[in-house]
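Each of the next two complexes has chain A plus one other chain: chain B in the first, chain C in the second.
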Partner chain A sequence: MMHRRAELLIYCIKKILSFVISIVFLSLVVFYISRWAPGDPLVSYYGDRVEKMSPEEREWAEERLGLNDPVYVQYIRWAQNALHGSFGISYKYKTDVTEVIGGRIGNTLLLGGIGFLLIFLLAPVVGILCVWYENKLPDKMISRVGTISSCIPEFWFSLVLILVFSVIFKILPGSGAYDIGKSNDVLSRIRHLILPLAVVVISHIWYYAYMVRNKLLEEVRADYVLLAKAKGLSRSRILLGHCLRNVMPSYISIMAISIPHILGGTYIVETVFSYPGIGTLAYESARYKDYNLLMLVCILSGVVVIFCNIIGQAINERIDPRIKAEKTGEALEVEVL
Partner chain B sequence: MTEKDFELAGIRTVEEQPLRAKRKWYKEYPVVSMLFLGIMIVECFFCEQIMTVNPTYMDLEHCNVAPGRKFLFGTDTLGRDIFSMIWYGGRVSLLIGFVATAISTAIGVLFGAVSGVASPRADAFLMRAVEIVLSIPNLLMIVLLQAVLGGAGVIGISIVIGITGWMSIAKVVRTEVRQIRNSEYVIASKCMGGSFWHILWRHFLPNFWPSIMFMVVMNVRTAIVAESTLSFMGIGLPLEIVSWGSMLALSQQALMTGSWWMILIPGCFLIVTLMCVTDIGNSLRRDSNQRQSNL
Partner chain C sequence: MKDLLEVRNLSISFDTRRGEIQAVRDVSFNLHSGEILALVGESGCGKSVLCKSIMKLLHGNSRIKSGNIIVDGEDITGYCERDMQKLRGNVFSMIFQDPMTVLNPTITVGKQIGEAVSIQTGLYGKRRASVKVHERVIELMKQVKIDHPEERYFSYPHELSGGMRQRIVMAIALAGNPKILLADEPTTALDVTIQSQILELLKEIQKNNKMSVILVSHDLGAVASVADRVAVMYAGKIVEIGTAEEVYYDPRHPYTWGLLRSLPAFSKGRDELYTIPGMPPTLINPPMGDAFACRNEYALEIDYKEMPPMFRITDTHYAATWLLHEQAPKIVSPVGGMVSDVRNSY
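== the complex of A and B ==
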């Protein structure tokens, strides 16, 4: 018993350590790349006034924002502040970065969260439908439509939906997260969510449904299915009660890993729908060299990704002890592709 | 129960099935997709001979004209002929797809092979690095690299997309290389003084090629999508360099004027191409469901 507990402790410590190292490394990489990139962060702070600045004024401004030190000094300073919980101010919005992000993260989580949930619930349904009618018309139809839907680029799909629903028929709004001045109106928010959600769900669902379908197809060829059939179980009992149950663990761990994938997919959708979320913010901050904002957005996304990866691995190891810790990641990765 | 009240469980509906029924030659290969893609490629690369209308010529008298006799696919808000832009743009889009894939495959194979033959410690380090790179959202990574490399040209953007897309190939290559690195023929080759490159080219590559083939083809698709997305968002190719993505960059104006042809036509060409590529990629995967279902 003691041995078990110690093992678990070591396991947790290892995971936490690798988590922390990954985050530090990630922040270093992003920090250096963003500083090397050409472009003037002063423009995002001072706007067009930068062009009229004298060299002395420039120097003073850079000094004030701490931009003229060597990069590693800047990094150390940033890291020190970050550990104390202050991530600096956004050059563009002139307020604390956490405030800027705090105002937007809810929107992204709403879109990404609901989207993820829908995909999570619908993908097995589609997959089961395909297996139930294997090689019959419904399966073939679903597979065709699915392949097509996975080929459509997200941004183009969003454009077409906007064109059809808000330009031609004018039934649904094509941009923003709520009507002006109605930020607390639930109905207005829902109406603005429909189109982006449709894009997120439809462009991702086949990917996972296809995976469930393939796994189930393998599963229904196993010998225990024969046994169950011989016992007189009905088709639906075998498929839902036995096969699906065997597929579920790997499905769940893959879904854990793909949380960031789906959240990342909302980035593009957000920009097309000019939906005020993290995606538009990330894009803006990278383009206009809003360093502090960029760092926090990257770190946040990185934390989510790495955390989900670890969770996925842990789930998998728990459920299937045959898979060794190191092998999980890559095996899953290949599968997801 | 089912419609029958008595059934022998496990009896095959078809008694004797030849293990691999000989398929017609046209079912082995995705003929339709290959034909379509072939036509598309030929049209795009010989567009100068076929299309005499300059795609960058701005006919300001005929801005935003709907598809008709004179302009088959209409004109965009800058007065350019969309029919001619499709072919010239397709050339750029396809070129980026292939060049970016070549780059990402080369990096992925090299990285994977090095990691595969390295000592366990170095291997663990390299794989951790891959995971960290994977954890940066792809879009952000591209935006950052784009900014570092500066000017957005066809080659520049291919490099950026290539650099961001090699990780999954590297992982597969590494796993495969680890499995065969200690086989007799590799050791024999090493003993006879075969260099790393020689072994990679003559022994490793033929072994892992089938398993990355599908990913390589899919990378073409990802690269084309990435290019069009970036150009659409205004961080890829500029408007002057015509590609399917940069044609769509004008769609914000198109939405306002309701000119559907500017959005739908380039998009359809894009999707048809992507579907052909996907179809070809899928046919490369081996079909694992040869046996009959027990259900």
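== the complex of A and C ==
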């Protein structure tokens, strides 16, 4: 018992260590790349006035924002502040970056969360449909359409949807998260979510549905299906009660890893739909050199990605029956007839 | 005796990219009620395919080319999946070669038996059925001689030994009190001591439940003690069929001789075990004439040209070899007097 607990502790420490190292590395890379990239951060703070500034004024402004020190000094200063919970102000919004992000994160969670949920629930349905009609017309159709839909770039697909539904037919809004002044109107929010959600779901779902399909096809050919058939179970009961059940654990672990994948998708979609979320912030801050904001957005996204990967891995290791069998190995074969 | 199952001129083929594989060719036999019929032959001779085809458990690329399967007077050859579903489990049931892979690894064995029970008793998904189902599961587990069934109920397949798993599979097969049990090499994956236990159990259950059993095996010796009748298969055909006494004491087909001579008991005191020379033919283009001819030291010229019909020896004993033709030379079986030895040794 003690042995297993110590093992678990070491396991956790390892995971946390790799998590911290990854985040530090990420922050370094983003920090340096953003400073080296061309562009003037003063524009995002002072706007057009920068053009009329004298060299002395510029120097003073840079001094004020702490931009004239060597990059490593800047990084150390930033890291020290960050460790104390202060991530600086946004050059563009002139407020604390946490406030800026706090105002937007809800929108992203709404879009990403609902998108993820829809994909999570619909992918098995699509996969099961394919397996039920294996190699018949519905399976072939879904597979073809799925392959195409997962290959279409999200930004292009978004633009097409905006063109069709917002410009030509004018049934759905093509930008924003709500009508102006109606941020608490649920209906308005839903209407604004439909198109971005459609893009997120359609462009991601086949990847997971295809995985479910292939895993299920493997299961359907397993020997236990023969016995289940021989005892008189119907095809649907075998498929749902036996095969799907065996596929679910690995599906769940893959879905945990998929969160960052889907999150990345929402960023692009947000930008195209000018949806006020983290994605648009990330794009803006990178474009206008809003360093502090960019750092926090990147680190937040990084935390989510790495965290989900670790969780997915952990689930995977937990549920793999072979590992389970190894752990209960002592209990095995005790009763031999 | 009434025939529970009648297979008439059954041919089964698999369509593959390399061509049509004729796995079962023109097979006919009857299964009487309350008997154990052993189906013996080497790997790939079509025993399993024959068994699975009776329950229509074969995969999509197989088809029944010709012939009929008649169960209890009813021709089920053309039955669709839905009709078969009603028959499976209560008219016939099946146990398989590898008890590890046929059990779902993620469901407790009690639940897997319970599933069969509830589907057979029409209690599936009904409320308040669980107590009845549970009782019946425990009863079945006792019937197949599993110790501590209440504890074993919650075991997963990987927590049980091979013999125990095969007992679970048997319990599942027995859930609907089937009239016919198809046992597809039930002991092949088990070690020798467990083999005989499982066969004895099978025999006992067959007697108590008054079932008919088709016992598939590649081991003529292993089935000797339990079979009432024996059918020997070669290259998709039944080459000899008769009561166990007839086949063991008075075998007529050269292939049966070869199988009997291959038993270790016959090579006692010798350096090497006897093997039948050569390989079984591929069933993509089975040879014309007798498929066994090229491995048969007693082959006649006609064996290469024309397929031998079933010659009647007694009312219950038939063999497909030209040696039984009245014009054929009389050959004495090379395994004549030693056979009793074999039966007793099992």
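The rule we apply is simple: the second predicted complex is superposed on the first by the 320 of 337 C-alpha atoms of A that agree within 3 Å, B and C clash if a C-alpha of one lies under 4 Å from a C-alpha of the other, contacts with A are read in each partner's own complex, and residues count from 1 in each chain.
Operating definition for what follows: a residue touches a chain if its C-beta (ideal position, glycine included) is under 8 Å from a C-beta of that chain, and two chains touch if they have at least 3 such contacts.
This one's a predicted model, so the numbers in the text were calculated from it and none came from an experiment.
Novice: Is A:234 in contact with chain B, with chain C, with both, or with neither (first, second, both, neither)?
Specialist: Both chain B and chain C are touched by A:234.
Novice: Look at A:242 in the shared chain and tell me whether it touches chain B only, chain C only, both, or neither; answer first, second, both or neither.
Specialist: The second partner, chain C, only.
Novice: A:98 contacts which: chain B (first), chain C (second), both, neither?
Specialist: Touch status of A:98: no partner.
Novice: Going by the contact rule stated at the top, is it chain B or chain C that touches a larger number of residues on chain A?
Specialist: Partner touching more chain A residues in the overlay: B.
Novice: So, A:143: does it touch chain B (first), chain C (second), both, or neither?
Specialist: Neither: A:143 stays clear of chain B and chain C.
Novice: For A:86, select first, second, both or neither according to whether it touches chain B, chain C, the two together, or no partner.
Specialist: Neither partner.
Novice: Kindly classify A:74 by the partners it touches after superposition: chain B alone (first), chain C alone (second), both, or neither?
Specialist: neither
Novice: Tell me which partner A:226 touches in the superposition: chain B (first), chain C (second), both or neither.
Specialist: Touch status of A:226: both partners.
Novice: Residue by residue on chain A, keep only those touching chain B in one complex and chain C in the other, then list them.
Specialist: On chain A, the residues that contact chain B in one structure and chain C in the other are 222-223, 226, 229-230, 232, 234-235, 333, 337.
Novice: Mind listing the chain A positions that touch chain C in their complex?
Specialist: That would be residues 222-224, 226-235, 241-242, 245-246, 321, 325, 328, 331-333, 335-337 of chain A.
Novice: Over in the complex, which chain C residues touch chain A? Could you list them?
Specialist: My answer: residues 52, 55, 57, 81, 85-86, 88-90, 93-94, 96, 98, 101-107, 115-116, 119-120, 147, 158-161, 163-164, 169, 172-173, 175-176, 194, 197.
Novice: Chain A touches which residues of chain B in the complex?
Specialist: Listed in rising order, the residues are 1-2, 9-10, 124, 127-129, 131-140, 143-145, 147-148, 150, 168, 171-172, 174-175, 215, 218, 221, 225, 228-229, 232-233, 235, 248, 251, 255, 258, 260, 263-264, 267, 270-271, 274-275, 278-279, 282, 288-289, 291-295.
Novice: Report the residues of chain A in contact with chain B in the complex, numbered from low to high.
Specialist: Interface residues on the chain A side: 18, 21-22, 25-26, 29-30, 33-34, 36-39, 131, 134, 147-148, 150-156, 159-160, 162-163, 167-168, 174, 214, 217-218, 220-223, 225-226, 229-230, 232, 234-235, 238-239, 243, 260, 264, 267-268, 271, 282-283, 286-287, 297-298, 301-302, 305-306, 309, 326, 329-330, 333-334, 337.
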